[in-house]
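A short write-up of the structure that comes next.
When the chains are written out, they are named A, B, C and D in that same order, and each has its own residue count from 1.
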Amino acid sequence: MDKELFTLDFKVRDYECDMQGIVNNSVYQNYLEHTRHEFLLSKGIDFAELARQKINLVVLRAELDYKQPLTSGDEFYVDTEVVQSSRVRFDFLQNIYRKRDNKLMLAAKITGTSVNERGRPFVPDVIVKLFPQEQLAE
Amino acid sequence: MDKELFTLDFKVRDYECDMQGIVNNSVYQNYLEHTRHEFLLSKGIDFAELARQKINLVVLRAELDYKQPLTSGDEFYVDTEVVQSSRVRFDFLQNIYRKRDNKLMLAAKITGTSVNERGRPFVPDVIVKLFPQEQLAE
Amino acid sequence: MDKELFTLDFKVRDYECDMQGIVNNSVYQNYLEHTRHEFLLSKGIDFAELARQKINLVVLRAELDYKQPLTSGDEFYVDTEVVQSSRVRFDFLQNIYRKRDNKLMLAAKITGTSVNERGRPFVPDVIVKLFPQEQLAE
Amino acid sequence: MDKELFTLDFKVRDYECDMQGIVNNSVYQNYLEHTRHEFLLSKGIDFAELARQKINLVVLRAELDYKQPLTSGDEFYVDTEVVQSSRVRFDFLQNIYRKRDNKLMLAAKITGTSVNERGRPFVPDVIVKLFPQEQLAE
């Protein structure tokens, strides 16, 4: 797979900062989720449309390394790539960089899967197509 | 160390649920943070007061395993214990259980530290007292 | 109508505070919404269940008077009553009081209605029953 | 005053939608706040910097008319203008329009003031300059 990086630009919004004057820890998950959904959309995978069809993309595990805090006024971007870690599991590797100095602020690995209405693993065709067949054979 | 468990009760609020009808992934970090702060407060450590003194308790790493989703109406509780993993690092082990069946919904390890105004590690006395001296010798 | 007051207890969570060290303005709407939903639930009206049936309770207008800010550690309660302002409109009168001194922190009037899948006003029986017939005749 | 309109572009993020599949009511206040802060910044007024100086811009009253709900994928913009309604009060008139059809989704009037560390009204020079002297005389 060509480790194509999808990138999305953001700016910190003041309501995202907490009493320490920095972006609250939970908010980074919002940034990461929005970037994943925009990344998927760029591949023709619409999270909201799938949810309406009762196919739910869900997170199984999140690992987040907080390197430096974002604060009011900071512009930043989120890089995202995805690798298939099993037939029904996908690892999103996501990094958040501050724009003015390209400093790494947060590194994350988010493992997700796709489930049907009964909560059973179900990978729709649009997602299968996301991964070249060769990849799993590696 | 006596693995004393601090427990806090919650109920899902509908605004915490997303279009999948389940609690959004980022919201669990809110639950975990609030429980940590209440746990610390029960030990005489006031996060907000420390922040006003420019001593900031910060998260370095978060690992969250999403087992089952919480949904509208669910009552749940968060168990929390803390272990000192280095002179200036603390691991909070936190589990979220659904009340009606005590089912584990999320397991997390949140690693934090304490920094002063210049962002340097600084562990105030109130936090030092949290950990028995023997523990580090282990 | 007997101006029965429904009351729900809360405690400020630190992630709800912003860089000014006080609860962010938008968060009060979360408190109010959660209280409305618990109020409705106490009357047998389940917001989430209605949403699944494609009957959506929606807000048409919100008026909020911010009197004093809530801050970290504050316990508070939200009083709620509802009056029917037209055949398909309901005004929730909600007040937030700080617990330690019963001081009024916020007063709100939230006007809502109920719509069906096509977005047309539709008041299900469970809601009709909420209001005594005499009330509209007034 | 020339009713100059400040405009900021947004796109709905999926985590902002609730179980009804539409943007949660409280989130509009986030959009409005972020737009006000960007508007002020464009005038040289930095909300975060003022907060660090213990000068707090606070909201006294919010009126929000919800016209149509924003939903997943919607792009929108927020128009903002401000008028001085008394020596120490400012009314922000803000409208949210969906981009694809310029449809009005929400209209709001947010009344704010500026207070010092003791919570007393205090309007710093940067804000005084925002309003031409003639305006109050009207």
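One rule holds in what follows: contacts are C-beta pairs under 8 Å (C-beta built on N, C-alpha and C of every residue); 3 or more make two chains touch, one makes a residue touch a chain.
Keep in mind it's a predicted model, so treat the numbers as computed, not measured.
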Most distant chain from chain C by Cα centroid: A
Winner on C-beta contact pairs when B-C is weighed against A-C: B-C
Rounded Å distance, chain B centre to chain C centre (Cα mean): 30
Separation of chain A from chain C, taking each centre as the mean of its C-alpha atoms, in whole Å: 34
Contacts with 2+ other chains: residues of chain D: 14-15, 17, 19-21, 24, 26, 30, 33, 48, 51, 72
Residue ranges of chain B in contact with chain D within the complex: 14-15, 17-19, 21, 24, 26, 72
Touching residues on chain A, where the partner in the complex is chain D: 13-15, 17, 21, 30, 33-34, 37, 41, 46-48, 51-52, 71-73
Touching residues on chain C, where the partner in the complex is chain D: 19-20, 24-27, 29-30, 33, 48, 51, 56, 58-66, 69
